[in-house]
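Lettered A, B and C in written order, each chain numbered from 1.
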Amino acid sequence: MAEKLIELKNVTYVYEADEEGEPGYAAVKDVSLDIHKGEFAVILGHNGSGKSTLAKLMNAIYEPSEGTVTVKGIPSDSEENGDKIRRIVGMVFQNPDNQIVATIVEDDVAFGPENLGVEPSEIRRRVDEALKTVGMYEHREREPHKLSGGQKQRVAIAGVLAMQTECIILDEPTAMLDPVGREEVINTIRRLNKEMGITVVLITHFMEEAVLADRVIVFDGGRCIAEGTPREIFSQPGFLIDHGLDIPQSAQLSNALGFEECALTPEECVDKITEMMGGAKND
Amino acid sequence: MTDPIKLINVSHYYSQGLPVQVAAVKNINLTIKAGEAVGIIGHTGSGKSTLISHFNGLLKPSEGTVLVDGEDIHKDKETLRRSRFKIGLCFQYPESQLFEETVAKDIAFGPGNMGLSDSEIALRVERAAEFVGLKRELLSKSPFDLSGGEKRRAAIAGVMAMEPEVLVLDEPAAGLDPRGKNEILRMIMNYREQTGSTIVFVSHSMEDIAATAERIIVMNHGEIALEGTVDEVFSHGESLRTMGLNVPEITRIFMMLRQRGIDVPSNIYSVEEGARILRGLAEGRRG
Amino acid sequence: MVRDITFGQYYPGSSAVHKMDARMKFVLTFGMIVCIFVCRNFFSLGLMVLFTSAAVAVSRIPLKMILKSIKPVAVILIFTGILNIFYTKGGETWFSFWKISVTEKGVYTAVFTMIRIIVLVIISSLLTYTTTPTMLTDALERLLSPLKVFHIKVHTLAMMMTLALRFIPTLIEEIERIMNAQKARGADLESGGLIRRAKALIPVFVPLMVSSFRRAYELAFAMTCRCYTGGDGRTRMKQMKLGLRDFIALTVCLAVLAGIITLNHFFPKVI
């Protein structure tokens, strides 16, 4: 097994009761989980399943109420360590508008490295490189509010890339995008993982995105309830639906037809059905 | 009977008069018939949102006429106001319109603006809450204390409570998880069944459109590119793809099977139906 | 559409004025505004007009844009002119009717004041036309950084300005969206008296506040994730360097100041 990058041991996170009488509750309960270097992990779960809290625990925005979170051996138990962890684990959020701080694209990408105190010439180099990687270089002097949702998210990803973190956590980065924007962002994420070896943790409830993962972790009620390859997870009909999720139609159809292993894409599904029919008629 | 919505040669230009006139929609001729369920698809920037904003007169066409129940919606202020209540428009992420102290008061905002009696308003609030499946005890809560899915439903109830002839929804399920999405879709279909209202909804999901619409309008570059029944529109798989759209995944599988020479219909829109056909076919071959 | 809004009134270009260090532009603009008020007669003011015209020519900002910047102050301009013509008395009386009289001094003062205002507006808009809002806030932060000695959080203030600039278009878009949603529910936002209208805005104002707080909250998270811990230890990608052209500009401005003082000294004052 590859080196462990993020380790969660028996982590519980409790939102405290507030003064207005809202009761406190545990959003994450006794979760033990490792994220390995270089992997593409997808965390699936319906809204309110605790997956966003989990993300915030992974880059030390929250400190666990119980248990430990360590990133490359650094425990997230102090403000100082939090800063160190966030240099290793970057994060992209759901709403593209609420994470862009500057009025010009390239200035925004520079924001992270500037905070880290990187040399100006080096920042320039990293910013240009990051913008080229996400395909936004030609838009570097534009104002963020004039970009599409998918473009804004790619700028946000470039902002993390410029910090040269080893891992990127993306908290439902495509939930507010249209299909075109979603594809732009997902292709970018895949490239980061496959070509640059960056560890990716993608939190989503789009099943098409889960198909691309090395490993799927299913979350419900603040607990990790299943873990496996996309094929293993999608081959259990009913399981995901019971947990407020869904499976791609290709997998649904192959499950309905009783295939042992489900198909993940329409192409795969067609192959399997053709095989079931004993080859096409005109063969 | 007159059609609830009719658009005649409607065009809308942004920055009119400037050297660069951008047509958001152009030459739209469209009729929404009473009782229909119409789905509108098209990629972002294809003019869908501009189009539906004409239905209740939020936008005034640069050219052409919008008729609601046979009357020019921009004839006078009074007609415009009446049309707002006849055509209930529910925008994307409608939860951002919630503002009242309680959910009940918020749902009552629309009916209140109609000048209805208090007892009638109370009745409508109750009915709308029931349609969207909001429990009675939630009605006295602050809308800001609801969960994401509940907020969405409360906001839709706010439009339903006006009891419009046509309910227009712009991506009612955007941003929701699969369960939330299915609940919203089921709720809308249920509403239609019980009230017989006309439904128009915009969606990016071909699967959702196939499951709920009877007729589909495809927008591309501000114009109606395709229009017809679900079968008709989805039979144009190639041209849909050039517009950045697609057919539902299950339909795609059946289209590919046909290409391989397997004798299956290509107008399949649900997994259950598809599985049934394939099972039958497999048995036939074996037998 | 809101998307097309450009903030500040930056007019893109690559002239020498555009390329100047924003800090120098800031200081010189301020200095030249002071110069306007040092002018005491038409000769020194003439020099100021000459300088301004030259600066506009070098910046290659079209005359149309310059005129556009004067338009909003037109009313003030006319008002000041009229006030000065009728209320400043002195010298030869040129025109008199009933209780109103126009004197030589009145006309001179009126013309002088109006020219002053026009020059003032042109000089300050030249700064905003040739400098992006980001560069302006940046320059301001750097110029004011000595104030840190007095425990004034200059960086925080500059950050707030940047964020305001960044979020104004987003919020305008949001207001438009909420207004449309409420109009679709039959809200009447346009008619009625002042109180009725103010009340009608509650359905717009409340959701706007709610969403703004949520944005602020999320933004704070996002900034923490990008290792933002305040101004200490930060570096900047875009360095500000004083170049030859900045010193030339400085020299020119000092020469104009010297000219103004000389002309003030040798010719009688108007004001």
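In this text, a residue touches a chain if its C-beta (ideal position, glycine included) is under 8 Å from a C-beta of that chain, and two chains touch if they have at least 3 such contacts.
These numbers come from a predicted model, not from an experiment.
Asks: Leaving every chain except subunit A exactly where it is, which of them still form connected groups?
Replies: Take away subunit A: still one piece.
Asks: Please work out which of A-C and B-C is bridged by more C-beta pairs in contact, and write that pair.
Replies: A-C
Asks: Which chain's mean C-alpha position is the greatest distance from subunit B's?
Replies: Between subunit B and the rest, the longest centre separation is with C.
Asks: In whole angstrom, how far does the Cα centroid of subunit A sit from the Cα centroid of subunit B?
Replies: It comes to 30 Å between the two C-alpha centres.
Asks: Averaging only over C-alpha atoms, locate the centres of subunit A and subunit C and give their separation in whole Å.
Replies: Averaging C-alpha atoms per chain gives centres 44 Å apart.
Asks: Taking the mean of the C-alpha atoms as each chain's centre, how many Å separate subunit B from subunit C?
Replies: The separation of the two C-alpha centroids amounts to 46 Å.
Asks: Would you give the residues of subunit B that are in contact with at least 2 other chains, written as numbers and ranges?
Replies: Answer for subunit B, listing residues that touch two or more other chains: there are none.
Asks: On subunit C, where are the residues touching two or more other chains?
Replies: Subunit C, residues with two or more chain partners: 4.
Asks: What part of subunit B is in contact with subunit C in the complex they form?
Replies: These residues of subunit B touch subunit C: 14-15, 53, 56, 58, 81, 84-85, 88-91, 94, 96-99, 109-110, 113-114, 144, 158-159, 162.
Asks: Taking the complex as given, what residues does subunit C use to touch subunit B?
Replies: Going through subunit C, the ones touching subunit B are 1, 4, 174, 177-178, 180-188, 202-207, 210-211.
Asks: Help me check something: in the complex, which residues belonging to subunit C touch subunit A?
Replies: On the subunit C side, the touching residues are 3-7, 132-134, 162-163, 165-166, 169-170, 173, 214-215, 218-219, 221-229, 233-239.
Asks: Contact residues on subunit A for subunit B in the complex?
Replies: Going by the criterion above, the answer is residues 46-48, 148-149, 175-176, 178-181, 205, 207, 244-246, 248-250, 252-253, 256-257, 266-267, 269-270, 273-274, 276-278, 280-283.
Asks: For the complex, give me every residue of subunit A touching subunit C.
Replies: That would be residues 56, 59, 61, 83, 86-87, 90-91, 93, 95, 97-104, 106-107, 110-120, 123-124, 127, 143-146, 159-160, 163 of subunit A.
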